[in-house]
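Chain IDs A, B and C follow the sequence of writing; residue 1 opens each chain.
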Amino acid sequence: MEILWILVIPLIGGLLLALFGGQRFAPELNSIMSFGTFVASAFLTVRVITDGPMTALNEQFFVDSFNVFLVALTAFVAFTTSLFSRPYMRIEQVHGKLTINMLRLYHSMYQLFTFTMLLALLTNNLGIMWVAMEAATLTTVLLVSLYRTPASLEAAWKYFILCGVGIAQALFGTILLYFAAEKVLGAGGTALLWTHLDAVKTQLEPTVLSLAFVFLLVGYGTKVGLAPLHNWLPDAHAEGPTPVSAVLSGLLLNVALYAVVRSKVLVDGALGSHLAGNLMMGFGLLSVVMAAFFLSRQKDVKRMFAYSSIEHMGLMTFAFGMGGPVATFAGMLHMTVHSLTKSAIFFAVGHATQKSGTQLMENIRGLITTNPTIGWGLAIGSLAILGMPPFGVFASEFLIITTAMHAYPWTTPFLLAALGVAFAAIFSRVQSMVFGETTDERLPHPPALVPVFVHLGLVLLLGLYIPPYLADWYRQAAALIG
Amino acid sequence: MENFSGQLINLFAALLLLISFGMLSQRRVLSLINLFALQGLMLTISTVIVAYSSHQHHLYYSAALTLVLKVIILPWILHRLMRKLNVKWDIETLFNIPTTMLVGIALVVFAFNLAAPISMMGGAITKSTLGIAMASVLLSFLMMITRSKAVPQVIGFLAMENGLFFAATSATYGMPMVVELGIALDVLVGMFILGIFFFQIRETFDSLDLKHMEKLKED
Amino acid sequence: MNGILLQLFQDTLVVLIAPLLLGWVNQCRAWLQNRSGPGVLRPYLNMVKLFHKDAVLAHNASPMFRFHPYILFACMWLAASLVPVIATDLPLSPAVDVIALVGIFALARVFVSLAAMDIGTSFGTLGARREMLVGFLAEPALLMVFFTAAAISHSTSLTTIVETLAHKQFIIHPSLAFAAVAFIMVLLAENARIPVDNPSTHLELTMIHEAMILEYSARHLALIEWASALKLLAFTTIGFALFMPWGIAEAGNWGALPLALAALFIKLTVAGAGLALLETISAKMRIFRVPEFMGTAFLLAVLGLLVHFLHGN
């Protein structure tokens, strides 16, 4: 029942906002709808914790401890981002960057985007998961080009074409998967249901599955932003409105990675080898290293943090690729803390760029004097994302690197070097943005910084103390993924 | 009978591939759209044959869906867009057809090899069609890479979807209906969004040439 | 005895109907262009007219220049009479190897080019060079088309190919679809038809075939025109043998002969009209596009082979 609510609320929200998205109360309506989704997901979480995994609606939906934590995280970040977007979009409107119609589109698509992500997470049908992932691209592509500038159009076009091509590969992978599954489960509805596939995964044809996984990894990997398929990501993040960057980075990438991990479980079962893991480790490591070196060359603040997202997604992919209880646990923890931290950073960055009227880092100065909360938010967020103790990112990165040292020692120099380069690049830039002289004016609406500090507080909490039920929950999920 | 319909499907698969090559070497945008519609028609016919010979009745719905969406609606939208955007007689100037075709042949060999072990275990009807489907997906991909105008790129994108759909019908007798509907919806919505895009791009750049859109890159 | 008679009949038939096919194509083209047209018998009348004229030779012409029309005519006649046009069990049938056919065409081409350069006019040399360019690209494509068909019947003998495709159990060969498209492209190029060359103009920028025969007159020109008609017929009947061999009489089946003859005429009528249609709807391409065109034909033929091996039958 909760599942239905989780999906219906954003869908209704999307329809309502398509009608009233330009009204004065639209941002509030957006937040209310997101809050409703969040409450429903909280109920679902409680229910799954107490009752264990469940399926619903003729097995079309499926919740276990792995996806329920992502559902909760997605609903939560979508809610806090909607809080942030309320003043942010108003300020953009005052600045004359947006018209009423653009706002209507934005609000409606925001809800529909949430819907598609939640659908991708909750569905038991791998085909529907593909449809939802493609729909997630479709809903965000017009948001990336919202400002109609030449750069934003280019970014949106690139995003559409690259992700469209990528996701088409994933469809081919899904078809191959169905081809293999149909031999075991018979034609018809059940052969794409994950629960059924999971039950018979050892009987699936290994050759087909390994080919399918390559296509799935390339396809969904494009959406995760794995190198060398990441080209769309920095552009889309830099040119879209900041709330969209926050949800893209914090949520969409996670959902795409979720799709990869789900496929990996099946392939591992069928192959009995570590092929899928090795592929993921390779792509992950390449992304971490590549992103770190691109980070140091960025001039645009949102681009820089977009590369940071590629780096962290690479790290998670690497962790899931290594497999085993500890690495998987760390991967999930990293998913959580990265989502929270990165969206918090984007919130702070959003207001900072609004104040300075530019995204070029050399023109953003002295945030701490003009607006201490933005300055502190950005400073603390950056420290957190760079993996400074005592934040949660430190804990997860520490776990990943120690596991890597133990299992694949040759990878540690690359990982450490990449993290070091990223640290130097981001830290030096953020320092001069936060401190330094400036003559900027105040913003026309008070910025919403509650979400920033709520996120950072949670990340801090996760670094100091992981509540036992949460740890339990990660462990269960890690056991499922293997 | 079974054998004969298998041969017919093979024939239409080959025609599908032939049209993919035709699209790869076609410079005129208008002909490209017509080829795309023709490819959709081949897809429809082969789906009907698969449906008939395998008694999978839901495939008739898929065929109808393909016919409506890919033979009628999408080409119609594209034609309309061409007219409205006034790019009806656009031709792609700078690209080397023989080289493209050579790369295309290499891709076909690659795809056939990749699909060979899988074709071995397919049923009698579906043998070898997977290789052709994969080849036409890769060829569409190549077409997208070689084109610098927006509309041909989009047609390449849609043709890729055709290849995927062919893989789904011929290799596996069609995905579950709900998935197929979802995919069709995505394609249709995607087409609408692309249509909006065309106008936005032309408004901003005064042309649908994507060469104007190469500002965002790492230097 | 009967076989020899039949062979003689076929030889006479092809040499007589070849100008008719050319006339039919031209007539169809005229109709498609909304002209009334010269009538299907025009090529015959032209030849009669040319045979009645006195031949004029350039004074520096070598004997080669004079012999060439006969050699060309002989080559084309041989090629056209080798192809199983109406029956498969002719005395010359064992000699009908597709590679030999390509060789006969190549031989004719060599003489055409040599004769064109013989006088030393610039147009002749230009035409010869262009002809060699086209031929050089068309030959491998034609060979690949033949190999595709040969791969199906496991033989390069055209007779065996016809027997396999027409008289064994009916099987659809998708690879032949590719080969057919490639073959049509080669046919257009080899016979100087429209996208590659325009047989009805003498425009120095574009002409290929006409440039080479500018110096010929009277009976020599008539023989060359006749040879061109025979070449078109040979190519058309090769096309029938490969892609629609139905109707060609089987070995020892005399009763099927009238049927074979009727089938041949129907097929020629349709093919001629099709060729005219193809020529009408396509535009003459620049000479520098020809390599692209022939390259495409070659690649399609290769693709046909690949598809054949993919299907593995």
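FYI, a contact is a pair of C-beta atoms (placed from the backbone, for glycine too) under 8 Å apart; a residue touches a chain by one contact, two chains touch by 3 or more.
Computed from a prediction, not measured in an experiment: that's the story for all the values here.
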What is the shape of the graph in which nodes denote protein chains and edges denote touching chain pairs (line, ring, star, complete, other)?
-> line
Comparing centres built from CA atoms, which chain ends up most distant from chain C?
-> A
If you tally the C-beta contacts for B-C and for A-B, which one comes out higher?
-> A-B
Inter-chain centre distance, chain A versus chain C - centres from mean C-alpha coordinates, in Å | 65
Between chain B and chain C, what is the separation of their C-alpha centroids in Å?
-> 36
With chain centres taken as the means of their Cα atoms, state the distance from chain A to chain B in Å.
-> 31
Where chain A touches two or more other chains at once, the residues are none
Listed in rising order, chain A residues that touch chain B in their complex are 125, 127-128, 130-131, 134-135, 138, 141-142, 145, 148-151, 153-158, 160-161, 164-165, 168, 171-172, 174-176, 178-179, 182-183, 187-189, 191-192, 205, 207-208, 211, 235, 238-239, 294, 297
Residue ranges of chain C touching chain B (in the complex, touch as defined) = 171-172, 174-175, 177-178, 181, 291-292, 295-296, 299-300, 302-303, 306-307, 309-312
If you look only at chain B, which of its residues touch chain C in the complex?
-> 4, 7-8, 10-11, 13-15, 17-18, 21, 25, 97-98, 101-102, 104-105, 108-109, 112, 119, 127-128, 131-132
Contact residues on chain B for chain A in the complex?
-> 56, 114, 117-118, 121-122, 130, 134, 137, 141, 144, 150, 153, 157, 160-161, 164, 167-168, 171-173, 175-176, 178-179, 182-183, 185-186, 189-190, 193-194, 196-197, 200-201, 203-205, 210, 212-216, 218
